[in-house]
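In order of appearance the chains are A, B, C, D and E, and numbering begins at 1 in each one.
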């Protein structure tokens, strides 16, 4: 377990615990999770189903209250950070509102945060361009393919100036080719905007390809079993995935995963 | 395009065409598709969403009527083959009937085909063993994990003596680790039963790992762009996936895919 | 069970409001009565009083307000009066050893229940058969569906006398039959709609699976469509039985006024006995609650047996 | 025994005591009849039941029967146990109604469902419009109770001497507080509660014979009821399926009904008939019937039954 | 006899025509024509049966007679329509729907109230509320107010229950999204929960439309001015004007269908995005 306690930490979790009280008794979703995320990091979380990846992201975003340990975001509590609108959250399913056009879906957070009409229009246009969806502004979500919907939901999270992008399996429902393409775009976007990104995935190549730091988790109770700092350069063409370093990291991740996996 | 016209062909499609008439005008789902599948083949179909993989499988199974060209199965029409119960079809979602136990799900085709009670019981027991689910006979589907459900649905297709197993993205909904495990099991099963298998997938490693023949397709209109006969041995440990031959085939598949892909 | 406390609280509040409302609702009648008994009421005379608001009447004649809580013919009875009347027509009848007396609500509830059950059975049958026709025949779907909706916009009350006459012309003398027909008329619709949904619930892949087995139409109906529709069936049966009860009561209101809870409401109205109306209404509520709860129970058990409990 | 079905005009009550007495006392049995009595109700039109073959004979008011006859349903009066009319308009003095001259501008509750005809011809005789115009009366379709007069929604309501009037009294209004207009006293009495059958049936001798016996037994019932009102009321209570009728009310009703049946031996008095027809024909712009009917009554049955 | 054969032939012919037509069930014209043909067939069969069996017009009039009466009494029908549908049913429906909607939004603010009221609302929605008609007539008088009151109570609960349920329809994920924006209650209500609730609200409204007419008409049985559909129907039965009764029934069916159609039309516009409305 690697514990970076650098001062530039944007998220800092110390010994975080979270137990859900359910009908069948308590579920220990997170146990003693400590992790620092630094400004500009691209952190991937990988681990078998139920290991607490989502729960950890939700703790960061103040959508879940830890039952033990401490977590700070931007030096304050997650709640204050949320109220300061520090988060852009991208969920597994695109989760666009079907009654709003793509444009108005993207302006949703802007309306809520009270941006001016002119500012809204300009930001919508800019983020649509960023995710290559210009021209689809007036379409409804269900008129777009899955990949396009997912890009729109990323645009929605980028439209306002959140410091931290939290992405919970955003590409889980897409096919490999579209996924490759969105991965490339996401990397470019990250490079351009210098956001801090926390990213949940089930795919080993995706995790290795995208991240500066890979967090491997295991379930029952949810713990961090490995934190891998990626030696890969910031500039990553798709075929870096056939390089030996890549495969080596991938193998380390796979071993970590297999250790904590119950198969079914 | 490679056209094997060997005599042992179990499925033989010649210049197959299929156009759907939809509200927005015709959709050319298959165009000039020619392909031979030989007895004992494991053929994977890979291609971007909407390229006609499912449609082709459905044509084979007489679930869709081609609008041009010809297709024979076991030397007869797909309809006759269907009536002769030549197919075991496995769909993407396990599609087990929630109101039947695992055992009764597997005996469903047997009931319909009029097998005797004793025969049914014996076949259910045998196939359950084959997919390593003995002991779960009286559980309901929701009491099983996703991977186990998918194995049960494969068992259902194996319970009667279908010559051809058609599998449409059977592991699409599962996580990578479970998927690896099922891939291994499927290969063993195939080796043991010597069925002919047509398998649709979105995953390049999966296609390469499993198949004796990989069919790459591209959309609008749905065509076959490449047919790759795999040089890999029949015996395939999981780590064959890091071998150079494997990566080479994977790259050829990826290139074929990228060429025909529109990204969204 | 989590909601027991809130439900009870809300019920308590409702009963409280009810009690409070009795005073203004009944004050005029109470004052008329007091005046007739020789008391001094301001203003004098029921006609002049009509121009005065109830609040003023209550303020100016506060000593008579309590009379409103014990009227024989209240505009709004107190919950206690309704309870007493209910007890008098049910529990007390049982105690007296005449549970099925025509003067008790058990007898009339039983009459209503019978019609409701017949109507429910008939309506369910028609609904299910209609749904099967609609699911299996495009023509039936196109022809029947709009008319099923239109049929519900026809005021069945208007049909009631004709149903009586026509059924008696058809040689049916049984009084319950017209009621059951009306009840079935209201009941079949929710069942039809629910079952169409239910029979169409199987995904195309599940139907295709059976096609690959070369299953016959009957096999796929019995093994797939029917079981898949069971949750929908129960949901619509619950709506259907409530509708059947409404149908029976609507049918009893004008078609005979002989027996049944609807007839009790009517007779109560005819004799200016509001308590009879209120107690019949509450008896109908109890009946509705019991029927729906019973179906809910059967649903739970069935779905559990089928492994479809959620 | 021969089957006879009798359709009543209203629910089981002492208004129909004669028939229940005849049934209970075995008068029908004596005539070798097997009689079924069907109670009526607010939505049951005896005329329609008769037309539909749901009954052989029905209790109906003559205006409704004559109106049905004009509609093409040939109903014939075969007996008239009620000599006089029990219908009246009961008004509140404190609402300002003392004479018929006070009607204009007032709200009056009226029974419809075929029972409105006597009221309409009365108003047209008084030349009071009923269409809601200024100089006229406001007509309400009265429900089944007398609430409108109790809570001031109407100045007058329709009542029967034997039924609703007593409900007004029971509710606390005193006779002194009320003005009463009997239709009898205002010259607009119409015949109530006669026995009617379909004309074509009368041609069948077997049916005729059945009716002769039925009327004979029924009149025996009526006379017994007149003489033993309390017992008759109790018999009625026995047959009441609603369980809502009370003994006091039925006994009182029987007493009042006896006053109306007194003076009839069952045979229709042609003079009463003519008076009814005249009253109905005088309906001004919108008479209940447009021409004096022919063959709307017969003594064919009563002649045989009563001699 | 020949009438009966005609009835049979028309029935078979109409059905055959529909079977043939429904092959083009994607066409709008066919989707309209088929039910119309079915309805016309029913009418013709009805006509033929009435004539064939010589059924008395005081029991069941032929549709042609009803049509004549309809045409001859449009004034009367119009007066009744205004009294019962416009004043009684529509006003009651509007008041009840608005009240239920507002109540649902208010209840929704409190978890406690929601949990307490929802089961009760569900229960009351299943009750035969028409039974309160005599009470309402006693309370609110003979004119349309008492009819509207019955309708208000009848439509209130289905709409309330559906709306409350609809307000809880937004998925946890969609709500979490709003939370990450630190959106306040009203923002979440107007931008997320109300739109998401609309399909449910309209379900309630559609159920309520059919209830509204029944309620208004039944209430007229317990007292009314001398106009209104319920009044005319009961008076018509009493005076054997059964053709007029059927004309009123036709008006009720047309009005009810129109009301339902309008609600369904608005639903289509408001919930265009819902999967059930696409395709």
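The rule we apply is simple: a contact is a pair of C-beta atoms (placed from the backbone, for glycine too) under 8 Å apart; a residue touches a chain by one contact, two chains touch by 3 or more.
A quick note: this is a predicted structure, and the numbers were derived from the prediction, not measured.
Any chain that touches chain B and also touches chain C would be listed here, but there is none.
Fitting chain A to chain B on Cα positions gives a rotation angle of 175°, stated in steps of 5. By count of C-beta pairs in contact, C-E exceeds the other of the chain pairs C-D and C-E.
Greatest Cα centroid separation from chain B: this falls to D. Spacing of chain A relative to chain B, judged by their CA centroids, is 34 angstrom. For the pair chain A and chain C, the distance between mean C-alpha positions equals 53 Å. Chain D and chain E have centres, each the mean of its CA atoms, that are 38 Å apart. For chain E, residues touching at least two other chains, in rising order: 59, 134, 138, 221-222, 234, 237, 242. Chain C has residues 75, 157, 161, 165-166, 169, 253-254, 266, 268-269 in contact with two or more other chains. Among the residues of chain B, none is found touching two or more other chains.
Counting only pairs that meet the touch rule, the chains in contact are A-B, A-E, B-C, C-D, C-E, D-E. Every residue of chain B that touches chain A in the complex is listed here, in rising order: 48-49, 144-145, 147-148, 175-178, 181, 202-204, 242, 247, 251, 257-258, 261, 263-264. Taken together, the chain B residues at the contact with chain C in this complex read 58, 61-63, 82-83, 85, 87-89, 91-93, 95, 97-101, 108-109, 111-113, 140-142, 166. Within the complex formed with chain A, the chain E residues making contact are 171, 173-174, 176-183, 187, 191-192, 195, 198, 271-275, 278.
Contacts from chain C toward chain D in the complex involve residues 28-29, 32-33, 36, 45-47, 50, 73, 75, 101-104, 107-108, 157, 160-161, 164-166, 168-169, 253-259, 263-264, 266-273, 276. Listed in rising order, the residues of chain C touching chain E in the complex are 2-3, 5-11, 14, 25, 75, 138-139, 141-147, 149-150, 152-159, 161-162, 165-166, 169, 238-239, 242, 245-246, 248-250, 253-254, 261-262, 265-266, 268-269, 274, 277-278, 280-281, 284-285, 288-289, 292.
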